[in-house]
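Both complexes below contain subunit A, partnered by subunit B and then by subunit C.
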Partner chain A sequence: MYVAVKGGEKAIRNAHRLLADRRRGDRSVPALTLAQIAGQLALAVDRVMSEGALYDRDLAALAIKQARGDMIEAIFLVRAYRTTLPRFGYSEPVDTGAMHIERRISATYKDLPGGQMLGPTFDYTHRLLDPELAGDAEVPGAGRGEGEPARAMRVSDILAEDGMIEGDGDAATETPGDITREPMEFPMERDTRLQSLSRGDEGFLLALAYSTQRGYARSHPFAGEIRIGEVEVAVDMPELGFAVTVGRVQLTECQMINQFKGSSKAPPQFTRGYGLVFGQSERKAMAMALCDRAMRARELGEDIVAPAQDEEFVVSHCDNVQASGFVEHLKLPHYVDFQAELELVRTTRAEHESRRDPGPAVAEAAE
Partner chain B sequence: MTMQPTDLATYNFAYLDEQTKRMIRRAILKAIAIPGYQVPFASREMPMPYGWGTGGVQVTASIIGPDDTLKVIDQGADDTTNAVSIRAFFAKVAEVSTTTSTADATIIQTRHRIPEEKLGEGQILVYQVPIPEPLRFLEPRETETRKMHALEDYGLMHVKLYEDIARNGHIATTYAYPVKIEGRYVMDPSPTPKFDNPKMDQSEALQLFGAGREKRIYAVPPYTSVVSLDFEDYPFEVNRFDQPCALCGAEGVYLDEVVLDDRGGRMFVCSDTDHCEKRRAAGHKGTMAGGEIGQ
Partner chain C sequence: MSVSEPVDDRTQARRHRLSVLAQGDAALLAECWNGLGIDPECELVRGPEIGLVALRGRMGGGGAPFNLGEATATRASVRLADGTTGHAMVLGRDKAKVKLAAVIDALAQDEAMAARLDEAVIAPLQAAIAARDADRAAETAATKVDFFTMVRGDD
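Up next, the complex of A and B:
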């Protein structure tokens, strides 16, 4: 077998060796273990799982290590692996109402069935650097509080009882869309849109969500409920005739409640913005919920006036694997195109010069 | 099927699973049946970044077989880093023979160039496409541009070309110059210099275009009319170079400008490295053969 080898091959090999060396860093410092990353950088792992769209803590930890902590690179690694996996089927919809809750808060009710549960949150920590964490100080264990229920009804169900909030709505089609198996088409149904948002870039969605709060498509949101915990994933087994639980995943769910004046078709009632992501990713779930609501403008008959409402704009640009790939492809050689542009600029400059500084013959003719 | 064992997983022949390949081949068949029409396909994440040839790689992976011989070029050259990387990828996951010789290749994956040597029947040219929509920079919305293609409404493009002429005296598009396929679809030839456009017309080879990030495949079957858009009084013209290749003396080929020093020294050499090497091997000599960048 003849294989073409040229100079670039050696350069690439050397660059990869250098990368491996820099990744390992100082050899006198022990190498990170995946258990350390998964256990102590858990929120980084959660982000890689949610935007990488693959629920596997070990693989996400490996990706973070391999990417030297570059989150988008880690997300890309996970995605590129995920895409090679066979598709066995689709799970039943998970029941977040039956979630084994670790954190659950509502900004709309002071107290409610199931109560407020802060859980492991940065909220109300004072952001003072803690020198103790520089060492390996003993950390006391913490368990679930006494008498705290593990399950609680969803806040949206409380509002839904008296019709104050719109229903959850039905899926547009019997089998939900799948953005990893079907090319996107605009306008999108909400199922595929939510899929795109769920693995969209946290920073991008955060900025867009923020823009809605600052008046670019204001939707008067209230954080109806944010809950984090584990839910069971069940898969229907045709041979058995019923669904079987195959595992549990940790999810963060956010239900935003938004004002809605009503339209010719719908009475005034609260509307929903929905966010659901893998792991503990509260900021992302909230941003997703605000963006989801903003993009329902068409469905609810609202004027589309701001970027966050523009489904084609948001969904086409929220994927950080696509975005970083295309932005960074500018590193690749473009000298063929550049040569063509060079020639054009040289020609137009020559024309410009001759117009500005007409020779005597031309000047006479003009007179 | 050849399976490649790795620590974590096994990958199929040519990386993609057979179901995905079948899906892509269906899109390719549809694209061939409707020349110039952009067929949406469920593009996969690939182990190289979007924008780095994932569309071309998916097309190649779907059509390549163990008996194929693959050539990969970027900017016309076989030895640019990304071409090297993609060629190495297929040598690894598909164990196919690779070549730098245009004539010996059954599949040529390219970015930004069409080889100078005329392609023949049975050869397939796979283009890597960043933005498949020729109307995209005139109308950013996919919903709108799809409608414009459906209605064959290409007025906007003609207005753009007309405005170029009104402003500059000539059409100011030098690469990714729009073409019309079989008198129907306006198509982006990918960012090849317009110098290469005439090679697409009535080509004996099958031309496939893959845009991974934008999830589109389109095709120009062999012996298909490919016409660069122009006006009767401003006909399409290709860029011409004042001098021949400094290494092989070739004329009428696309040249790269190589900066030699910091005093304005320049030389022009073939962008198609295979073409240049073959000519030199056949005894052709340019003015600087054996000089500064001779190998």
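Up next, the complex of A and C:
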């Protein structure tokens, strides 16, 4: 419990003024523009969009600037902004099969139809710092290749339907749950788990995904396909009476394929985990897919023995805005609680000491 | 009604127009519009207002839907002097673009005007979108992996 404490207004005012000053930094250095942040720190912007659960590059860039590059603070700013806006409606489910592909790889099929395209990847770089980037050296434009427009079927759609790999499941049109509208309940279904994972903290999900690879709910994963690109977003507009495309968003999709020995509920086959994240967020999409698969333990009749399989544990702790809110609230004045606890500890400590050394205490009591 | 459901030609043309306006570049749209030199009298019935669209994906890519996150969107409705209404919704927060899209939607309900708008505004916007997509596709295609199998031979 914390009680209201007055005083300190002037200190707070000056602290915020100091924050604004430090945020700006050396005035002889030009200020960052939002276009610079959105264009040159694009993956930071993507992370803020994905964990802020709001697709808007300019707002995410502004949040990063305002938060001095503190990503969780920026995500918090975006989440706070979103609460000020009305909800117009829901989009139709996006069709990732019709994605304008910018990157697409598979670790399971070398010759998949449509080919493997590396796109703008850090993979195969040597991770050597490039001193040239300290300056503003001219950068050559991208190479150009031949070929048909880069659209490709999803690996999961290409797979022969011999039952070796599970399908996508029923494309039921029943309304999916929405954690921004209804309180979370456990056990939780896969739709709301995926919604939580998509906005979950990359570091937390990455660590849990890693734990599954190291043997805590081992699921023998392969990256069936990772694709990045823009998809069209369509919204049914009641005033028109039909759906229209309202724009595009860039998404990263990961199809993880996992060996499965079978259980009382399902035959031996490859099962799948799914990741879908705003922007170019490959590590996050992979971690999401691994966590999705681990949390399908109940559905697939697997023993729940590891943290990554425990949906209540994972979903309750993956939101970094909630987590930092609760951890960081410890900074707020707790003077009264602490005084109360101090009294309690004094009392119990006195009792403890009197038990250890009953002689004088008895004597005191006798006095 | 889903975008994949069949509709009559008029509806299809309107849907196509709005889709191109939504995806087209705002500066190019303004330029094409100004080139037309028309300035119809119209009143705003709603907006332009900024809000959210909740985006949905499908489990595994093709399974049951789930809510992925939200995107900012702007919508507007306008009424022309003759009472015709037009509507538009576009991702992002560009109010001027959305208002203009709604005006174009309203004007294009007149067939003669629709032909003019399609030629002067929609076609160039669509060409620019296609050119950008082709550019990006070519850049991506340059990163395509050409696997070749190493043959272990004795000779």
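Following the convention adopted for this analysis, the second predicted complex is superposed on the first by the 335 of 367 C-alpha atoms of A that agree within 3 Å, B and C clash if a C-alpha of one lies under 4 Å from a C-alpha of the other, contacts with A are read in each partner's own complex, and residues count from 1 in each chain.
As a working rule, a contact is a pair of C-beta atoms (placed from the backbone, for glycine too) under 8 Å apart; a residue touches a chain by one contact, two chains touch by 3 or more.
None of these values were measured; they are calculated from a predicted model.
After superposition onto subunit A, the modelled positions of subunit B and subunit C are compatible, with room for both. In the superposition on chain A, A:235 makes contact with subunit C only, not with subunit B. Of the two partner chains, subunit B is the only one that A:186 touches; subunit C does not reach it.
In the superposition on chain A, A:129 makes contact with neither subunit B nor subunit C. When the two structures are aligned on the shared chain, A:8 is found in touch with subunit B, with no touch to subunit C. Look at A:343: by the touch rule set out above, it reaches subunit B but stays clear of subunit C.
By the document's definition of touching, of the two partners only subunit B reaches A:332; subunit C does not.
In the overlay built on the shared chain, the residue A:118 is in contact with subunit C alone; subunit B does not reach it.
Note on the composite model: angle subunit B-subunit A-subunit C, taken at the C-alpha centres, equals 110°, rounded to the nearest 10. When the two structures are aligned on the shared chain, A:76 is found in touch with subunit B, with no touch to subunit C. In the superposition on chain A, A:29 makes contact with neither subunit B nor subunit C. Touch counts on subunit A: comparing subunit C and subunit B, the chain ahead is C. Of all C-alpha pairs linking subunit B and subunit C after the chain A fit, the shortest spans 8 Å. Once both structures are placed on chain A, subunit A residues 59, 82, 85-86, 180 are touched by subunit B and, in the other complex, by subunit C.
Those residues of subunit A that touch subunit C in the complex are listed here as 49-50, 53-56, 58-59, 82, 85-94, 96-97, 100-103, 110-111, 115-119, 142-147, 149-150, 154, 156-157, 167-174, 176-180, 190-192, 194-195, 198-199, 232-237, 239-249, 251, 253, 255, 272, 274, 276, 278.
Within the complex formed with subunit A, the subunit C residues making contact are 1-3, 5, 7, 11, 14-15, 18-19, 22-23, 49-73, 75, 77, 85, 87, 89-93, 133-134, 136-145, 147. Across the interface of their complex, subunit B is touched by residues 1-4, 6-9, 11-12, 59, 76, 79-86, 180-187, 312, 316, 321-322, 324-329, 332-337, 339-344, 347-348, 351 of subunit A. Taken together, the subunit B residues at the contact with subunit A in this complex read 8-9, 11-12, 15-17, 40-47, 49-52, 54, 71, 74-76, 78-85, 87-88, 91, 95, 97-100, 111-113, 130, 141-143, 168-170, 172, 174-176, 191-195, 213, 215, 239, 254-257, 271.
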